[in-house]
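Both complexes below contain chain A, partnered by chain B and then by chain C.
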Partner chain A sequence: MRKTNCLGIILSFFILITSSSCIEPNIIEELGIVTAYGFDQNPDTQEIDGTVVLYQFNPDITDASQIIHSSGATFDTIRANANKQSGYQIVNGQLQTLIFGPTISEEGIFPYLDTIERNAAVSDMLYVAVADQPTRDLMSASNYEEAPNIGIYLHRLIETAVKSEVIVSSTFHEFMRSYFRVGLDPVVPILTVEDNKVEVNAIGMMQNDVLVGTLSMDEIFYARLLRDRFKEGRVELTMNLDDFDEYITQYVNDPRSEDDLHVVIDQLGSRASINVTDTEALNFEVDIKLNGRVIELSQRINLDEPGPLKKMESEIERQIEENLIEVVGRSQELGSDIFGFGVQYNNATRGQSLTTDDWHDLFPNINVNYNIDVEIKRFGIVQ
Partner chain B sequence: MKRRFKKSCYFPCKLEQLEQDLKNQYFQASPDLASKIIHHDGKRCIVVFIDYLVDKDHLYDQVVGEIQHTPSWDHETFKDTIPITGSKQHTELNPIGDELLEGAACVYIEGEKDCLTFLIPRVEKREPDRAETESLIFGPKVSFTESMDTNLNLVHKRMDTSSLKVEKFVIGNTVPTEVRIVYLEDIANGDNVKELRDRLSVLNVDDVLDASTLTQYIEDNSYSIFPQFITTELPDRFCYSLKEGRLGVLVDKSASGVVTPASFFSFFQTTEDNYTRWNMGAFTRLLRIIAMFISITLTPTYVAALTYHYEIIPDALLVSLGHSRTRVPFPPLLEALILEFLIELIREAGARLPTKVGQTMGIVGGIVIGQAVVQAGFTSNILIIIVALSALASFTTPSYLMGSAIRIIRFPLMIFAGLWGFVGLVFSFAFIAIHLVKQRSLNRPYFVPVYPFQPRDLDNSIFRIPFLHSNKRAYSNKPKKIQRFPKPKKPKKSDIDE
Partner chain C sequence: MSQLQIPLDQKIKAVYLFIVLHTMQIGVGIAGYPRLVFMEAGRDSWISIIVAAIVLHLTIACIVFILNTHKDTDLHGILTSWFGSFIGKLITLVFIVYFFIMFLSVMLNYIEFVQVFIFPQMSSWFISAALLTLVLYAVLGGIRVAVGASIVFFFGSIWMLGLLTEPIALLDYDGYFPMFEADMRAILEGAKITSFTILGFELLWFLYPYIHDKSKVHRYSQLAMAFTIAMITVITMVSIGFYAQGQLESKIWPLLSMMKIISFPMFERFDILAVALWMIIILPNLILLAWMLSISSKRVFGWKQKYFLYLFVLIAFICQYHFDNRHYVNMFTDYVGQAGMYLGFLFPFLLLPFAIYKRVKGKKKANAKN
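What follows is the complex of A and B.
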């Protein structure tokens, strides 16, 4: 009995040790760890040009960056071709950002995301973004702050914008979820280069995986208002000063220099709900509750009184509604439902199997009614 | 070796004859057998003893002195006048030799039919000193000594109760050694006592050497790397365990006591946890358990992550890890093994050398070699931090045996992490977990209170709560009396400013 036990232990150790060579080691310094890929459609061939950003480990150089350009028809071929130009084994396990160039994003980016979905080593938390110029140029921007390489910088750039609620988050996971969900289209941040430095300048509205239009930084607020919720948001609104004429306290006889009143609201919390009121007539009702703090007013208005405060709130409501109608109207024209009206419609019409194409046909015809309730909670003590 | 004598009755004989026979036949002409012949009224009397085994003060004052002052010489009078309790009469030579070895003086008046022995052993013992291996900052610092008398005295002084029971065993064929089981009769579980008694009484070995050797003979699983009985040199820890319902074992000539049954987590406790306030005690206990995990996992995780799982390395760390690894010519496993081996070398060299040299050794080994190894590109400097941290963490374990077990167990874990990555690590952990879960200490579960899960004992093992609320003894020891004291009533609240 004891003898067989002993033999078993020796045998299992033998198997353990010999079979350990079956798994492929990835020793860190032998790897070219990719942090970002950029994809461009090659105008001459059918192939895709890839820009691959790698970590380059060298203790003598503080900058851990290497950029390789390669091409191929598929994502994995681009990686494999990049490997021909490098002594390191190129791996995707630390991938953080995927950027698609202008042509490719107008033709559909889904085919290149497929491989990531299948590869368990790649994180779902990477960001998908679109560039307004060829990614080859974008990724050679040399100012990437203190980040080890441009891939990390791009990730930090988008992450900071998402965390400060300036743009709508578009991780790979979220992108895929909205891509496959009927009645919801993905959004992606749009990157551009300014003074040799990459920045986020808009978000792109997608129809399925095709970029159809953009929303400027100011308009993103309204997309986010419906699609997401704010916890610590911020918005600037411009009002007509004439509406507040009676409430203005003049600084020492200073004549009115401008006609606009700029209001900045921060600590903004929001909650929006989209309801279908009539499925036949495609009538929607949107209830939005907003609250926040006035942090900046370009003119001296005494908000201590209930009159100006109420006036201010209703003016904000009106402004937001106007802007919402504008933004939603534009997305209807482009046929990109980034707000999720279709999700609610699909919920309300259970039983009919709504497809994404169906909804893209219906979406331009919907009518939306807005109920906005703004509450200014604090406005600061100024005297 | 005992010699057999042909004569059934040896006495009476000549004094010189007795001395010669003892010397030649029993002590192989030992030069240490001393004797003194006293004359009185024409009678002659001899006192025989082994020079270094008897207490000289007693010998001259109370044996020789009394004999010289006694007017009438016969054995009965001697027995009365010599104020030594352990006196015996012998008619044969054989037992006299044994008595002499135990430190007796043999007194014989020429012509008598028997011989007297008086037990006056000289015992070299040191005074109870500060504990060396289990040092404390706060709390009593006295430690056990090599003398059973002193140790029993230390224990009895701390537990002045009639329920303290001491049972005596003699173990060892070549060198019989006295072993005592100590427990509180009204608290300790009867089955535990019976089990320990059985194990000691069936033990048939030549020699027990020391308390720590005795535990290895009577442990539940002698193949395991983990100690199953606590060996402590602190009487207060020993007594605290007895009060919790455990059993203690004291071995003569050994400066440590054994406590059983022990759970895995009791090796991470000190009495200091009880002496400090509960929040500090709870913190340090948790700290030690976390330190144990760090010590076991940190280096294997490094090896696994750098060899197979670059994906999990946070990008903030990736650059510095990558940079420091580029100059290292070895795979991570070999790198880690070299460094761990180096640390073990420094530790062992420091332990073997005299204290003063040992300190220098630590500095040379730690700073000079550590620095040079990184400069030469043998290891990455991040690994130095990791290895030093895990070595440091392993020394927080109060029990030296458990600390060593934790340090050694890192090596197989590292190797499996290097061969199989996290899969190997997970399997190794599973193996250790299974091993710990099925382990017993004196037939009681070893991994209690985690398995079998005993939530009521958590306050006694993994952390600590105020004593007023932990008025129960550990359930896992199955003590006869579970309650230490009745739960106190809440005092009426009154405001401070009333």
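What follows is the complex of A and C.
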């Protein structure tokens, strides 16, 4: 027994000593850590122009970030070419955001995503986004709050929007999942520069990996309503004031518009289900259950009584239905099923293998009925 | 010859079989298994798993039945007493080759994990030297050290199952529908793939004489199988819900890829740690296989167990040096699966009639005596 112990100890020492020389060390001060990439198709050459946001972990450097522009035919060549302009070894391990310029998003972004999936070093939780102008311009926006660099700012920006349920999350994993799922198209946030600062101002509807249209920030709510679940969402609706004439306790002159009643609902919880009622005629039924509290009203209405409350709820239902019809109708025109009608259709038609292309042919012809049920649970601390 | 005289201080309790057999079954295979079964049976993979589970439980019942016919002997002893020394040695030798290829396949697969996920530059010989040293050390300590190692490593790795809560939070339940689309053929193909993954229970053939309380062998072996089946069911179902069809089909190791999304404030990328920790999942496999290889060789050829151990470790080291790319890794894994179909699942049922015959004869003898 003692003999074997001795052997074990000697061998483990041998391994400890040799192991330190076996692996190439990556010293963090010598690395240029990429936090974001931006890609644009160069119209003159066949190459892609890349914007690489680098970050160094070095306490001695005050300005630890830099932006490098390089080009190449592939993702990895862009990284390698960027390294020609930097004394740091550029690595992708901390990549958080990928942004594609309009020239690429109109052609399809999937070909650029392969290496992200193939390379085990890159996280699946990075955000995929699309810019409405060349990423080179977008990423040179100099106002990025207190973030160490624009890459980290972009990540925070998108993450905040996702966490507050304003936009639909589009991490790399989720993007790929919707891309591969038959009957569901991906969505991506669209970034733009306003006053030298990047902001999320829309989401893009994709057909497969091609950007075909956008939804404004107000319309995103309806896409998210069908695609996801709200836990603490928020929506603003504009109603006709005449409908509430009899309930208004005290009319105030509203300078915004005289005929409109603005309602804001927050703490919004939702549950939506899409059902296929007729696979031949492509009839769908959408059941939505919503509940929330009124946080702002542009006129005082006594919601404590059942009459106005019922009226309010049914008006909200009508409004949401109208908007849904419009948003879904537009996505049908564009041929981008970001809601997942196709997934349910595929589930309902057993044994028939639906392809993405088949569904894109069918999707414009579907008919949808909405059953919306709104419940206002609370209305703040005033009546 | 057929009765093994094993001193009490080398015997283990039957309850440890639960962990030993389970750790033998769960190894490198589980990381890639969800994709493989999904490619065959699609969303209905769970049916395949159930089919495979039924066969597995029957097989275990059959093995235990045969082993119980003779007290205190292993497969080699049983074969020798039934068919004579030549056939006994031959079949044990087949098992030795089979377990050796399994040993190689586990090691090569793990080396590939490390190189793909953490250290692309780390040389294969170095990883295998590190693993083989640990194997050598544990097996030289005897059966109790080998079993003890698998128990420690089992508790050291089982908590990782809890990390699946993060992918579970991101499940897309639409991925499970429509159900029952796969035809019978696909289900059976899926079950076949599943059977490759749950191989390793054959160790029971050789571990049996070392069990102290034989009456509980059946209970704990079946429990171990049920636990393994539950585990692969959970992992497979999470993978199917987490990935879309085309995505899952493109991931070589869905389980490790799922770990990529787990991140802690002080530990950004959990998959790196997962691959490192995977070593303690495969070490029990390697240790128990090496123990079995050396002890069976001793039974067949009669030299000291230690010499065989050194020999196998050396051959394994040389082999990994020669078969160092994805192509060979796949080839070895396929061989093990194919062989396992026959040696693991079919073989016990072939022996069953003989065992029944022996028992009936034994009873008659006993009756005649009375």
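Following the convention adopted for this analysis, the second predicted complex is superposed on the first by the 345 of 383 C-alpha atoms of A that agree within 3 Å, B and C clash if a C-alpha of one lies under 4 Å from a C-alpha of the other, contacts with A are read in each partner's own complex, and residues count from 1 in each chain.
Convention: a contact is a pair of C-beta atoms (placed from the backbone, for glycine too) under 8 Å apart; a residue touches a chain by one contact, two chains touch by 3 or more.
All values reported here derive from a predicted model rather than from experimental measurement.
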item: Partner chain in contact with A:41 - chain B first, chain C second, else both or neither; value: neither
item: Partner chain(s) touched by A:123 [first = chain B, second = chain C, both, neither]; value: both
item: Which superposed partner A:96 touches (first chain B, second chain C, both, neither); value: first
item: Touched partner set for A:176, first chain B, second chain C, both or neither; value: second
item: Chain B versus chain C as contact partner of A:135, first or second or both or neither; value: neither
item: Which partner, chain B or chain C, touches more chain A residues; value: C
item: Contacts of A:59 with chain B and chain C, given as first, second, both or neither; value: first
item: A:70 touches, of chain B and chain C: first, second, both or neither?; value: neither
item: Footprint overlap on chain A, where chain B in one structure and chain C in the other make contact; value: 23, 93-94, 123
item: Partner chain A, residues of chain C touching it in the complex; value: 116-117, 119, 121-123, 126, 129-130, 133, 136-137, 140-141, 170, 172, 174-175, 177-178, 180-181, 243-247, 250, 257, 260-261, 263, 268-269, 271
item: Interface residues, chain B side, partner chain A - complex; value: 306-311, 313, 315, 318-319, 321-328, 331-332, 416, 419-421, 423-424
item: Chain A residues touching chain C - in the complex, by the definition given at the top; value: 1, 4, 7-8, 11-12, 15, 18-19, 22-24, 93-94, 117, 120, 123-125, 173-174, 176-182, 340, 343-344, 346-348, 350-351
item: Of chain A, residues touching chain B in the complex; value: 16-17, 20, 23, 25-29, 31, 33, 35, 55, 57-59, 64, 91, 93-94, 96, 121, 123, 148, 152
